[in-house]
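Letters A, B and C mark the chains as written, and numbering starts fresh at 1 in each.
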Amino acid sequence: MSNAAAIRPGRPALPEWVRRLPEYLMIWVPLLLSAAHLVSFSLWTIWISFTPSTLIPVSGWVGLRNYSAVAASRNWQIAFDNLLLFGSAFVLLSLVTGLALAILLDQRIRGENVLRSVFLYPLAVSFVVTGTVWSWLLNPGLGIQKLVHDLGWTSFKFDWLIDRDMAIWTIVIAAIWQSSGFAMALFLAGLRSVDTDIIKAAQIDGAGPIRIYRRIILPSLWPITITVVVIQLQFAISTFDLVRALTNGGPGIATQLPALVVYDLMFQRSLLGRGAAAAVLMLLILLAVLLPYAAWRYVQRRRAAHA
Amino acid sequence: MRERTFAPSRILIYLIVLLIAAAWLAPLAVVVLNSLRSNEEIAQGSMIGWPQHWAWSNYVAAWSGFCVAETCAGIRPYMLNSALVTIPATIFSTLLGAVAGYAVSLWRFRGDTWIYGIVTLGLFLPQQMRLLPWTIVLRDIGLINTLAGLVLIHTIQGLSFTTLFCRNYYVAIPHELIRAARIDGAGFFRIFWRIILPLSPPILIVTVIWQFTHIWNEFLYGVTFTSGQQQPVTAALIALSAAVADIPQHGVQSAAVIIAALPTLLIYLLGGKYFVRGLTAGAVK
Amino acid sequence: MAALSIRTLSKRYANLEVLKGVDLDIESGEFTVLVGPSGCGKSTLLNIVAGLDHPSAGTVEIGGRVVNDVPPKDRDIAMVFQSYALYPSMTVRQNITFGMECRHVPKAEQDAAVANVAKLLQIEALLGRKPSQLSGGQRQRVAMGRALVRDPLLFLFDEPLSNLDAKLRVEMRMEIKRLHQRIGATIIYVTHDQIEAMTMATRIAVMHRGVVQQFADPDTVYRYPANLFVARFMGSPPMNTMPARLEADAGGPVVVIGAGRPDEVRLRLQGYDAAAPYLGREVVFGIRPECIAEGNRVFSGDAPIVVHAPVEMVEPTGAETIVLLRLGGESALARITPDIRPPPGTAAPFALDTRRICLFDPETERLIA
């Protein structure tokens, strides 16, 4: 073959960086916009939390006064207590429900696909819809209590929705209904990813199905468990829509949660400084969950890399 | 092999699973049935019951009849708003995320790991940290209380998810493919268009389903940045509940809830496999 | 004209120096094989030549033009990858024409070029298929077709046969060699397989730790390995190497293995004048397994040297028998005729071809003679 055209120059017209400009723009503009808004918005909100801003953002420095005001308010205290209760109850129960469903579905039952779809469909529905529907079901004058009364058991009582002490549990119920399927999906994937050779080996060793579950399969699920816990906690901390639709924070402020406090301070009371402080507190709560998780992930990866 | 016989233990398993499944389906069944019962019928009994007369008119009323905040056009305008926000924001965020994911995984450039790391922080940052700044930005560019404003927000914030999804999918594509294409003389866009995009349908479906579901179901931004006739359907549902608190119209409200939930439910039914893949992909950040 | 000149090329990643001042000159029409163990820098070198990676220092010239700042597509090269890197969503035809499409070659010209290459490689019947519908050997052929159609100054092959099974690898090896002979292309071929290097190359560059250890034709590399690394890397089984002493005798230099032991081996050397400065010193003695044979083998030339050595293990391969034996206490492999199987644990006579012995400096590990 001939190599007559030994040098085949490219089109010499434009310098390299001009020709590649569209490519640079396409790579950098979206990524920079995304990164810049995350960083600048966070910093700006943190800054506002240290200013005396009320209706409009103003500069100035009030130190931690917004934080102490938020922390001292009954609204926030109730919200924080509720978050602890709601967060732990919801995470624990959805974990148990999800794991139970995953184990049940793992028993080679007929119609597994249909059943899985049934447990997962709430995830496709908005929290607003979930909250609205459950507000009807749990409404003592409309829902389950009314139905049981109409059936003749008139002393039956199920009025958590209007009970100050129990109302937070209605949110737990709705949240579990909505997102246990998520835990189930992850656990099921984990159950199915156990090496079948290991199970065969255990069977040859004479282990029965229950022992195989207890000693081999379940111990392999704990990394997934941690992931599920962290994601569900992240959801619990930022819960807003569900409460708005289900109880709207009530009765009174009995089901207040941090996200509602932030919204209330920012857009209903126009106390921007305090609203920002409450938002930063939310971020700190989230970091208290995420940072240990990130550290754990880092250690896991290091270990995997060294193995 | 575990044998598939109908021992008592297996009957018990089926019984438990079916009971839980029934409990999971009950709320949907209740709302569907209520959407077909007249308001009077519900008021006489409870929310839970079989329709005596099929009140299909509830759907007509919910779609275009009842009043929210002095406007009596039903849920239709709000459904339209949600569609006009969700569809463009889903398309934009998915396309930009696909290009960004391709750039950080296969093209590699100076600072790519840094910027990617920052962008993925968006998965964790609470929306409350961005509410005030978005308010100011939207006001300054004149997009407050507009659908375009919501499209902008969801496009930029969605990039964190879409970039992550696509990047994690593209890292499995062998680098030699890119090298071969570069030697063949293809540039950034041609490689994306001719080689990467044809390999992408699985991840694009996952991403589109994820983004569509999330944006359609989103409430906080909708209620914060829009009001009245500009609200998406999630915000309108809340407004509806408040508006009819005095004279409840549970039949019509149920129909409205069904209509509002229908798009994402349909997508779930049609693309269930991809929906679940998105859930688990989002989890293994 | 040199098709490729590499001058003092080095590449450093963070604190890892992958290439340390490589110099290579490759003539037009040569089939150069870069061979070495994994991590020796050969693939990095190839990527730098292709323009897919940038050197830390040094220059690359292709066809007399410095191409350090020229993007891959303008370097007038074509590359065949280990994984073939066929575009999965394109047909075979589209895979082959993609490069021309990028360069806006007219359609008629593209079709003619595809027809030409498809005929050459006998892949006409595959043009409409997707890569997933092809066997390993067919993919390999398409990958070569994609390179051939560019008619470049330089072909780069990056371990193109390592994903094929043993039988197909031998077939493709011959096919590539035949192709080279037919079209006279300039090829740089990277492999870790020294058999591929020996069978295909017109010149071999043996690389180790970022340095070209030896750059010569296959016979020279095999017969006169520049140092101990090359001696041990090339050949299968590799060259036997062992410590020895070089002593002066009335008749000339003598190599003594296991000096002072009851079973010491003394081999008289002829024609090893270059070893004179090492008389009375320690050296490393090297001998290829095929230069140790059954006791009655006659290597052409003078009277054969026969030693009696204890046999440790016998490996019949069918075509020959590999024997692990001890020479003056040191292990050595011998290749003997297949029908002789000396029982392990006994001593047997072995003939040594002393004309093809190598001596290395134990300090520098360089070839003495």
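One rule holds for everything that comes next: a residue touches a chain if its C-beta (ideal position, glycine included) is under 8 Å from a C-beta of that chain, and two chains touch if they have at least 3 such contacts.
Bear in mind the structure is a predicted one, so any value in this text is a computation, not a measurement.
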The chain whose C-alpha centroid lies farthest from that of chain B is chain C
Top chain pair, ranked by how many C-beta pairs fall in contact | A-B
Between the Cα centroids of chain A and chain C the separation in whole angstrom comes to 57
Whole-Å distance, C-alpha centre of chain A to that of chain B, is 15
Distance from chain C to chain B - Cα centre to Cα centre, in angstrom = 58
Going through chain C residue by residue, note those that touch at least 2 other chains and give them in order.
-> 71, 73-74
Would you mind listing the residues of chain B that make contact with two or more other chains?
-> none
Contacts with 2+ other chains: residues of chain A = none
Which positions of chain B touch chain C when the two form their complex?
-> 174, 176-177, 179-186, 190, 194-195, 198-199
Touching chain A in the complex: which residues of chain B?
-> 2, 4, 10, 13-14, 16-17, 20-21, 24-25, 27-28, 30-31, 34, 42, 45-49, 96-97, 99-100, 103-104, 107, 109, 115-116, 118-119, 121-122, 124-134, 136, 156-157, 159-160, 163, 187-189, 213, 216-220, 223-224, 234, 237-238, 241, 250, 253, 257, 260-261, 264-265, 267-269, 272, 275-276, 279-280, 283-284
Residue set of chain C touching chain B in the complex reads 47, 50-52, 71-74, 77-79, 81-83, 85, 87-90, 98-99, 102-103, 146
Once bound in the complex, which stretches of chain A touch chain B?
-> 20, 22-23, 26-27, 30-35, 37-42, 44-45, 48, 57, 101, 104-105, 107-109, 115, 117-130, 132-137, 139, 142-144, 146-147, 150, 177, 181-182, 185-186, 189, 209, 227-228, 231, 234, 237-238, 240-241, 244-245, 259, 262-263, 266-267, 272, 275-276, 278-280, 282-283, 286, 290
